[in-house]
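Each structure below appears as structure tokens.
Look for chain A in each of the two complexes below; its partner is chain B in the first and chain C in the second.
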Partner chain A sequence: MYDILIKNGLVIDGAGTKAVLSDVGIKDGKILAIGENLKDGGQQVLDAAGLVVSPGFIDPHTHFDVQLLWDGAAKPALEHGVTSIIPGNCSLSLAPLKAEDRKTLIGMFQQIEELPPAAFTDAFEWTWETFSDYRAAIEGDLSVNVAPLVGHSVIRLWVMGADAQQRAARPDEIEAMQDLLRDCLNAGAVGLSTSFVDVDENARPVPSRFAQFQELDALCAVLGEFGRMLQIVPEFYDTDITIARIDQLAELSLKHKIPTTLSPVFDNRQSPNNVPRTLARIEEQTARGARVWPQMQTRPIDISFSLLRPSLFFARLPSWVKILRLPVTERISALRDPATADKLVADVGEDGGERLMGRLIVRGGGEAPEHLVGRTLGDIAAERGEVPARALITLSLENDLEIAFLAANGGHDSTDRIGPMLANPLVHIGASDGGAHLTSFSTYGDTGYLFSEFVRKSGALTLEHAVQKITSEPAEIWGLKDRGMLKTGYAADVVIFDPSTIDRGIERPVFDMPGGGMRYVRDSIGVDTVLVNGQIAWAKGAYTNAQTGQICALA
Partner chain B sequence: MTLSQQRRFTTPEPDETLEALAARACPDLDLELAIERIRGWNLHIFLMRRPRGLLLGGDVVFIEPPLV
Partner chain C sequence: MSEAVVLAADIAAGHDGDAELVVTVRYENGVVGVVSLDADCAFDIMQSCGAASSADLVGRSWHEVLKGV
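The block that comes next holds the complex of A and B.
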């Protein structure tokens, strides 16, 4: 008898083969049988008539490292059908980390993830320094599977201390980093992440950016001992630099026989040749035998923000970030101070923010005047005789900071262009950034959007192909053992969903972070049931108490 | 498949200054002109970055203009 028998579903196995009406029998956390009219019965029978039964979705680019310490389901990712996540991207992981370096790393995490300070002081106890101890800290309470990356920046920090953000490493330091990385890989890390873009809370480049190429090469030699992944954040805003990074990754991949991935890659009307040129280079390097996977996300980036809290929108404006980190009353005082406001406006640039802020749209919010909603800041600023940066400040003050602005269609801006790119066999669907940029936009629901926008609406992918792109493909690229397919003996990570309705809900603010911190989320639509390692983790709109998530075994 | 020609670049040596990098990358040019060229071809370092011109070990530094 099966533990769970899923009857009458339209089974999509994840390998790209055509969907078939079938039953799926699950026993001891594994797929035991797939076939028509399975007879052995089940302790629990799920009727999936009219629904798709597919492998659980895999999200290869997340930042759930901190959230996993109090939320092993990585909510709301799991309810969207995501059963395996890869945190630790962009050179930042929570381990290995010496106690004396915690404050430094918190600054970087706050900058990138926009977590409230209470997340680091009230929500968990720091019980680890090593990677294996961090693994132990999260492992017992997981509802989702985790394949953690180790961050290059924290490896540098461990070995070099404050010098990690100052200089190149000496040969003995590089050797120490190699030993440390080897320990992390032995403890289950899926690979190494590095970044050529990210900055800390003071806008200073993160430690990985101070590394010479020789240092990265030495670390990749260790990845080669295990055949594990190198993930990088390239300078995605410039095609020539992105291609240079692809060439570096190709050399590392060929030399050390490792897979590599770069994320994100964006397409939009302002740089229409970016993705075509990037993919042409990937094709050339792939033909040489290099494994270089560009990650593209399914959604456009729509940043919502107010002056109530820091936002990704101000990532390159440290003076603004500094003010936005003040307590609200002090922040309002600072914004009202003419000298401070003048400096903020000056720091935006000589155009007063016309280029950066002129096209912002007043989104609304609790106190936003109705007659301003939907208008551009540039338009409002001109009407008021102010430059946009000044108008942003004055409008916010006039409305007790309760007025939100929208920077729309960053990243992708055309479904017709993105669909064929997502379908391209050289493209790895990912880069959701799940668990990051919390107060700027929702990083949940990209999988639902894949089905609603690119399967149902544009038809760029078939249902089977879309499932393959977010199940067996990522499992194979990342070497996740026995996951990503509905196949006998594989882990019973399963999503049951309605193919005619699966989608992401509207973006909405919630205040469920530690200390009442805010983040944007999207609910899932059309996802009926999610199983993780053979247990129901989410069904009919509610989480269960199942904590059957695992640290992923690697091929 | 043969690799198509792409824009050539270098990466900084440990503790290398802009002057030293420019001299290494453009040995046939007068130093001041070489520095000017390197600055102009690498706005991601010399215009967009804060602090402006901070040379990082991991940087891609182009040693020629964009290919037409």
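The block that comes next holds the complex of A and C.
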């Protein structure tokens, strides 16, 4: 008898093969059988009629390192069907880390993740210094599977102390970093992450950016001993430098026989050749035998701003720029001045800003009044008897400028262009940044958006192909052993979802971070049940008490 | 050989949700490239070269613009 028998589902195995009506039998956390009309029965039977049964989704670019210490489900990632996550990206992991370096690392994490200070002081106890002890700290309470990267910046910090953020390493220090990385890989790290872009809370480059190539080469030699991944954040704002990084990754991949990945890669109208040129170089290097995987997110990027900081949203409005660059107190005084406000409104054009500002959305969080959240500025302005530009000013003044507005789909938003890119066999779907940018935008629900936008709406991918791109492909790229497919003997990470409705919900603020800190989230839509290693972790809109997540075994 | 000039200056969403200025430049050798600037940098160069708005950057010498960085 199976522990769980899933009946009558449309089974998509993750390998890209066509969906078939079938049953799935699960026992002891593994898939025991797949076939029509399985007879042995189950202690628990799930009727999946009309629903897809697929492998659990894998998110290869997250920053859940801290959240996992109090939330082993990495909420709300799990309810979107994500059963395995890879934290520790962008050169930053929580281990290895000496006690005296905690404050330094907290600053870097706060910069990237936007976690409230209480997350580091109230939510958990620092019980570890080594990577294996960090693993032990999270391992018992996991509801999702975790394949943690170790960060280059923290390895530097361990070996070099404060000098890690000041200079290149000496040969003896590089050797010490190699030994430390080897320890981390032996403790289960899936690879090494590094960054050529990120900064700390004081806008100083993170330690990994002080490394010379010899250091990265030496660390990749250690990765080569294990065949593990190198993840980098390239200078993604510049196509030529990104291409140079691709060449560098290709050399490291070929020399040390390792997989490599770069994230993020974006498309936008202003630089339409960026992705085509990037992918062309990836294609050339792949043909040479290099393994270089560009990660691309599915979701568009929204522009968010308030009048607290000057935003380039106003870059074509000189009078607005002039006022918004004033110190805050002077800025508020100027905005309160009727003549100045009249001029600002006049300068947006005869429509009072309807075209430019009417579709801005009031964001939750901050000081935004609840009844305005989610509504368009045009709608609110009409209700107040104002034009949108005037409403933008008055609403901001009424809330001490702490009211944020969102201009949806400001970049990476052309479904017609991005669909074929996501379908490209050389493109690794990822770069969600789950668990980061908490107070800026939601990093959850990219998988639902993949199905709603690129399967149902545009047809750029078939259902089977979309499932493959976020299950067996990432499992193979990252070397996650026995995951990513519905196959006998594989881990029973399973998502049951409605292919006609799966989607991401609207972005909304919640205050569930330690100390009541705010973040933006999106609820899942159309996901019926999520199983992790054979146990139901989420079903019918609620989390269970299952804590069957594991540190992923590696191939 | 002609000097490098700004061909376009557009606003786009950056990785972190902030608006960025995407400047398209034609360099001396004829190559056209794109540079993304964050808000502080973009406002600084606009102020430095007396551009009232991002649109005013179009047609200017790229090397003159860079002096504001």
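Just so we're on the same page, the second predicted complex is superposed on the first by the 452 of 555 C-alpha atoms of A that agree within 3 Å, B and C clash if a C-alpha of one lies under 4 Å from a C-alpha of the other, contacts with A are read in each partner's own complex, and residues count from 1 in each chain.
Everything that follows uses one rule, which is that a residue touches a chain if its C-beta (ideal position, glycine included) is under 8 Å from a C-beta of that chain, and two chains touch if they have at least 3 such contacts.
Keep in mind that this is a model prediction, so the values were computed, not measured.
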First, second, both or neither for A:Ala244, with chain B first and chain C second = first
Key: chain B versus chain C as contact partner of A:Phe497, first or second or both or neither   = neither
Query = Should A:Ser208 be classified as contacting the first partner (chain B), the second (chain C), both, or neither?
reply = first
Contacts of A:Phe405 with chain B and chain C, given as first, second, both or neither = neither
Ask   = Now for A:Pro318: first (chain B), second (chain C), both, or neither, which partner does it touch?
value = both
Message = A:Trp478 in the overlay: touching chain B, chain C, both, or neither? Say first, second, both or neither.
response = neither
Request  = Determine, under the contact definition given at the top, whether A:Tyr134 touches first (chain B), second (chain C), both, or neither.
outcome  = neither
Query = On chain A, what residues does chain B touch that chain C touches as well?
reply = 238, 240, 316, 318
Inquiry  = Considering only the defined contacts, which chain C positions touch chain A in the complex?
reply    = 8-22, 24, 33-36, 39, 42-43, 46, 52-55
Note = So, in the complex, the side of chain A touching chain C is made of residues 236-240, 264, 266, 268-271, 273-274, 300-305, 309-313, 315-318, 321, 325, 407, 409-412, 437, 440-441
Remark   = Per the touch rule above, chain A residues touching chain B in the complex are 167-168, 194, 196, 203, 205, 208-213, 215-216, 235, 238, 240-241, 243-245, 247, 280-281, 283-285, 287-288, 316, 318
Inquiry  = Per the contact definition, I'd like the list of chain B residues that touch chain A in the complex.
reply    = 1-4, 6-7, 9, 11-15, 44, 50, 54, 56-60, 62, 66
